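Sharing a structure, written as structure tokens. Questions coming.
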Amino acid sequence: MSQYSSKWIKVSEPAPHVLHIELARGPVNAFCKEFWVAYGKVFDTIVEDGYDVRAAVLSSSFPKIFTAGLDLNDAAAMGNNGTETVTDNARTSLATRKMLLAFQNCIGAPERAPFPVIVALHGHVIGLGVDIIGACDIRYAAANTSFAIKEVDIGLAPDIGSLAFLPKITGNHSLLRELTYTARAFSAMEADKLGLVSKVVPGGRDEVVHEALELAKFIAAKSPIAVTGSKHLITHARDHSVAENLLYTSAWNSAALLTNDISTLLKANAKKKKPNFAPLSVQTALSKL
Amino acid sequence: MSQYSSKWIKVSEPAPHVLHIELARGPVNAFCKEFWVAYGKVFDTIVEDGYDVRAAVLSSSFPKIFTAGLDLNDAAAMGNNGTETVTDNARTSLATRKMLLAFQNCIGAPERAPFPVIVALHGHVIGLGVDIIGACDIRYAAANTSFAIKEVDIGLAPDIGSLAFLPKITGNHSLLRELTYTARAFSAMEADKLGLVSKVVPGGRDEVVHEALELAKFIAAKSPIAVTGSKHLITHARDHSVAENLLYTSAWNSAALLTNDISTLLKANAKKKKPNFAPLSVQTALSKL
Amino acid sequence: MSQYSSKWIKVSEPAPHVLHIELARGPVNAFCKEFWVAYGKVFDTIVEDGYDVRAAVLSSSFPKIFTAGLDLNDAAAMGNNGTETVTDNARTSLATRKMLLAFQNCIGAPERAPFPVIVALHGHVIGLGVDIIGACDIRYAAANTSFAIKEVDIGLAPDIGSLAFLPKITGNHSLLRELTYTARAFSAMEADKLGLVSKVVPGGRDEVVHEALELAKFIAAKSPIAVTGSKHLITHARDHSVAENLLYTSAWNSAALLTNDISTLLKANAKKKKPNFAPLSVQTALSKL
Amino acid sequence: MSQYSSKWIKVSEPAPHVLHIELARGPVNAFCKEFWVAYGKVFDTIVEDGYDVRAAVLSSSFPKIFTAGLDLNDAAAMGNNGTETVTDNARTSLATRKMLLAFQNCIGAPERAPFPVIVALHGHVIGLGVDIIGACDIRYAAANTSFAIKEVDIGLAPDIGSLAFLPKITGNHSLLRELTYTARAFSAMEADKLGLVSKVVPGGRDEVVHEALELAKFIAAKSPIAVTGSKHLITHARDHSVAENLLYTSAWNSAALLTNDISTLLKANAKKKKPNFAPLSVQTALSKL
Amino acid sequence: MSQYSSKWIKVSEPAPHVLHIELARGPVNAFCKEFWVAYGKVFDTIVEDGYDVRAAVLSSSFPKIFTAGLDLNDAAAMGNNGTETVTDNARTSLATRKMLLAFQNCIGAPERAPFPVIVALHGHVIGLGVDIIGACDIRYAAANTSFAIKEVDIGLAPDIGSLAFLPKITGNHSLLRELTYTARAFSAMEADKLGLVSKVVPGGRDEVVHEALELAKFIAAKSPIAVTGSKHLITHARDHSVAENLLYTSAWNSAALLTNDISTLLKANAKKKKPNFAPLSVQTALSKL
Amino acid sequence: MSQYSSKWIKVSEPAPHVLHIELARGPVNAFCKEFWVAYGKVFDTIVEDGYDVRAAVLSSSFPKIFTAGLDLNDAAAMGNNGTETVTDNARTSLATRKMLLAFQNCIGAPERAPFPVIVALHGHVIGLGVDIIGACDIRYAAANTSFAIKEVDIGLAPDIGSLAFLPKITGNHSLLRELTYTARAFSAMEADKLGLVSKVVPGGRDEVVHEALELAKFIAAKSPIAVTGSKHLITHARDHSVAENLLYTSAWNSAALLTNDISTLLKANAKKKKPNFAPLSVQTALSKL
């Protein structure tokens, strides 16, 4: 697993099929362009390789901060597009749009992964930090977590995911708009009220990472076909009507129900043993496209 | 009303225009194919007949369990499609897809009914049980209710409705995904936090059924045109944008506002009497199509 | 600002760029057609004029009641379309539909405004009152607020916005349907549980208006480009998939990131001064279209 | 095959796996309710039974007329809903809507069938006749065919399919609107210009039925998995964006490509023999749901 | 009718219920802002007033030219937004966007009208001219018509309707893109091949206006309920899936089928007389909203 | 430009800003996986580099054949996924789906390019060839072109684009379905009738390539901002409703109208000179993401 680690991202496998991905760009995990590209790439590469991951935990390496958000010293990260010599605003806008699509694509990588990504939040989760967690499956927050949808305070609307994801995955638009327009800090308890996290863990980084890893291990023991299908179909349901989702589900599961995992489970249950599932990825040239 | 009862489903009319539909396939309301077909049929037949129902309560006959979900001894219910002699997987998939669509259609019957369906939950609500309640209008849970989105534990993604409905009718995607991927049990209190139920009733089956019937009687006294329109339009809103829903609503209510129920109500209010509404269904050959 | 006041609507500017809009049709803010037309017009005119508003608070002038909803003495407001001499129901339906679209358009005016609208709720919020607040950005409720989605009690399904907005901006469909079908009163606390409000303020009208104005002032100090973009994009996200919203956001922000507000903020922060932003509206004939 | 024939619908199998379905309600195939119910049922029953059909031709038994459209002597078919004793227009509208949905469902049956339906047009194709052909896959017209979207001439907008299908399956909205608003007759040549038919066959009923049957036989020799998938995916594409359709296609074909038909074809080609494909339907209790 | 005429737009009623609307801003019907606002307003006012129009013909007053498109001497019409003193590009973009939405809204007025609008094309139809005709129902072209989607030649993508409407109402995307990217002129015959017009009339303005008026008179004799419903439902179908349109149609026609026009027609047919239909608009305060 | 050429793909620049991309895998341009990956990459790389292309022509190097479609000797290209040792069909299906998405992504590359792609067709265009041309902007066919949607003849439904694009970009669904279900050859004239091509050029490869290059040069002289915006907005319109597209267009053009190209054109026109436009791509690190 260590082959996936890079300068600012540590990847370990604390239990079989369970990854721990740590953001580690000191001192505050500020995101310059190189960092967000690396962030997207670590997920995409693991998926591309077909490495047998069944659940992942994302956290920061630094107890006091998950991320400070954009690195304001990095031109590319600032919407200041570094094109001083260009004098045509329409062309600048096209370049900006291209950059935003690429940026969104990197931050959205966890959603594309076939395995669940559990984000363990602690300390400060600022600006881009909220975009990042929207694209993860499950959010656990340490009691000491302090969030802020900070973009308005640097003069822009959040554009990398917070406003795309949060209105659909939480349960109180009034609160979401208040937090967005004010850019004020909010606590783990308020995130809980918003419906943004599923658990507030007493303590800080160590405690929340521990809980998240326990959850990851629990999920990693399940049928990979069942878990990846569930992830894919919940994501589809978020973005489609009930009728559209049921139709899509019938096509998806018409293939997925051909799996051996069902009989594997029945046999293991009969013998009161733990089932042993094959990896999700078929290791062929085909799947490496 | 008893004419609608069948081997495993009891139908009674405890108050005028209020139905009580009880799942009664002992010992645990396990769903074989014959049971789910009967389940869909009881709703569809009542609607087809134009029987004057204004609210219905769905519960189990067995205090300890609402349903154990799929009957694992029933091939059709298991995704094991019982077609051992077929050797073409594509054809098997087509047959599976056809089965899933028919299954979804049965479980979705309460949504098609013109009257609200209140489900009174108690004891264990496992697997298919969660699909079932997603298609109901209102969910009350006894304090003793224990839920589980159990499908992952038999090797498949829920495909009959849980993942289609729940992301849109609750308020915490993080929790929903956690419950789906882990298949773990969760309590009535946690269902309440998720936004899945609107009331947790102290006690068990008797208490929650009592509360649900009281609610049903209260709704049954309202204008049927107003209630059925509200049901239809909330369902539409769940699956369409605000703009689309407002447009559709303008077409729908341009007919519905022609109703006499409005003047019936004004007159009854003026006289301080209870209004007396006509049945919703027009009893003609036409409406029996 | 007083130029925007009219017979039944008071408009003041208690702080720079912060409007207070008060509903003041005694005794109970019952909405006849003239009132709802005026309501829509006050927002649209302010926007049309490009008046430099950065946040607005909406409340009632009457401590005991926000609004009683439709004025039942007003034919146009009642679905009784006052066309006794017309005998063709299809033509009546067309006229009704036209009226509903115009009515929806008036009540939806706050959503079209480029600045956030915070509604301060207190006393009774009945029927149309709930439609009104759905189209606002942020909802604060005094502890004494009592809501009712009352339409079913006059024989109709809510058609001006409640059923279009609420299923998407709150987090518990079961509760929403219960409240709609029963038309029963519910408290500020229950509205909080539903996810309808972001704050319950102890006290009544004065307290909640105070809190809402404080919030408005806080928002009014932010970059107008950032706030208006956030409002626009959250609204878009509510009605589109994640992928559609991200695409739209990339087009929107490709222009918005050309703003000077970003550098204004950076410079102000460097000097530890309050930033001073230009008005949002460009004051030209063009923008007056 | 003759078991599917009924009073007004003749079903024969002129070649293996090729059905010929003839409308035979003399003198002019006017559609009363009983007729349209039978029409939908013949398709649905054949599909339900899993009868091994690979292509079907639909025509009239009467050389001079395909259909005169609705039977104006049949109350149910006329929008005159025969409910003279009912005095609440809203309830009448609900009953009408229910009838329309059932009617649309019957006429849409060919689209639900897994095999292509080729309609051979000849003589008069009036009103409902155009709704009927929109739901078929392929339209051949004899040179003597005369069409009319006649509904406007009886005071209503076409509501059973013409306006839903034709704007999407033809190529000239200006002409389509002209034909709809005027209800005027148009020839096979004009239908060709509109993009409504793919071939104009010189002659009348015998010639067009011959050509349609030749086409049906040609299609019936192809892989059933390939043909049914193509039908399903074109229909999906008509109603979804390119991106949505590509995604859906990837799920659909991930199962369909498991078929043996591919190797059957490769082997047959290698041996220069005709391939012999298995029936599409898996004959089990499951597929009979 | 003459009350609707204004400086640059002539409105006459050459036959009962048939309007002729002529663009008459010499010498070439160049569109400055005042002209396009007037254009939208003439349609909207007629509709607002409920004037009993059943079909309208749109043409130019000048035989040699339908319109030259945008008036390049008018700042507002040019995207040069006349805000030289503004230095914030984001604010300029917001003002431009607001202008574009208002412009689109004016040009889209014919689509909002409840009666069909037939555009009689002749001479040059340049740039905005093509946007204009896309929002009309039916397009007839004199043989001497010369079209050009000219916007690319002034440095912008068409944004008032051509690219929104034409891909959906014609039948050859390859040709449409070629015409758009090249901005080259194309003849009536090529417009016919594209599927943009339904008739090419030999001759020029007089001939095509004559034909269009004949068509308008023919349509004006039909049931207004049937024609307006057809227009509304075709427009809906263009923008929604078959399934969505059928559902919407069932709601729409559940009210429309209550019309007396059906029995009016049956009685008139029985007596071999021309039917006499009531105006579409109900003349009450309500419909004047 | 030659730097973009590779083993099987020749890239030249016959005129400034005009690319000619030739498929050159002898003898018949059969697509193995390596070939389709290279095909997608050539477009994506040119775009990534910001090379100043303003129009491109795609053709085959071989006069007699455009492409024979899939290389049936290549496992990956055949749906035979080369995973003999895998015994779980669900996992195989997942791998197949991943492959299909990657394959679609490669073939869809021309649509992602900011410049128009004109495909010059000649000789045989088989199977995948039709998928390829659907993703191009403009299709010219030599008179000798022979098409076939061949997939059904190898046992599968087309899944790389034909069925996603063609129902929306042509004008006769009946003909499209006939061609798809039969897999029969069709001529350039029939493609013209279908609305698939905008010009049939007498002759063969040389003639059609000449015409396509002339068109490309003509387009290359236009404003890049106008052309790329037009391409983007037509593509959006194909997949969205009129209302959605107009809204999106207003956001897009609010930035694009800031361009200098408009004044460049006005000045050039005034001086009767050819305008000289800046490249579309801003050459900064930002745009290279």
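For clarity, chains are labelled A, B, C, D, E and F in written order, and residue numbers in each chain start from 1.
In the analysis below, contacts are C-beta pairs under 8 Å (C-beta built on N, C-alpha and C of every residue); 3 or more make two chains touch, one makes a residue touch a chain.
Nothing here was measured: the structure is a model prediction, and the numbers come from that model.
Annotation of subunit B and subunit F: jointly contacted by A, C, D, E, touch as defined at the top. At the interface between subunit A and subunit B, two copies of one sequence, fewer than half of the residue numbers in use appear on both sides, so the contact is built from largely different positions. With centres set at the average Cα position, the gap from subunit E to subunit F is 33 Å.
One finds 47 Å separating the Cα centroids of subunit A and subunit D. Among the residues of subunit F, those in touch with two or more other chains are 81, 89, 92-94, 96, 168, 170-172, 195, 225, 238, 243, 251-252, 254-259, 261. Interface of subunit C with subunit B (complex): residues 72, 78-81, 89, 92-94, 96-97, 100-101, 104, 108, 151-159, 161, 163-168, 170-178, 180-184, 195, 238-240. Against subunit B, the residues of subunit D that register as touching in their complex are 33, 37, 75-76, 81-83, 86-96, 98-99, 102-103, 114, 225, 228, 255-261, 278, 280-282, 284-287, 289.
Residues 55, 116, 137-139, 168-172, 195-199, 215, 218-219, 222-223, 225-227, 229-234, 237-238, 241-243, 245-247, 249-259, 261-266 of subunit B are the ones that touch subunit C when the two sit in their complex.
Contacts from subunit A toward subunit D in the complex involve residues 248, 251-252, 254-255, 258.
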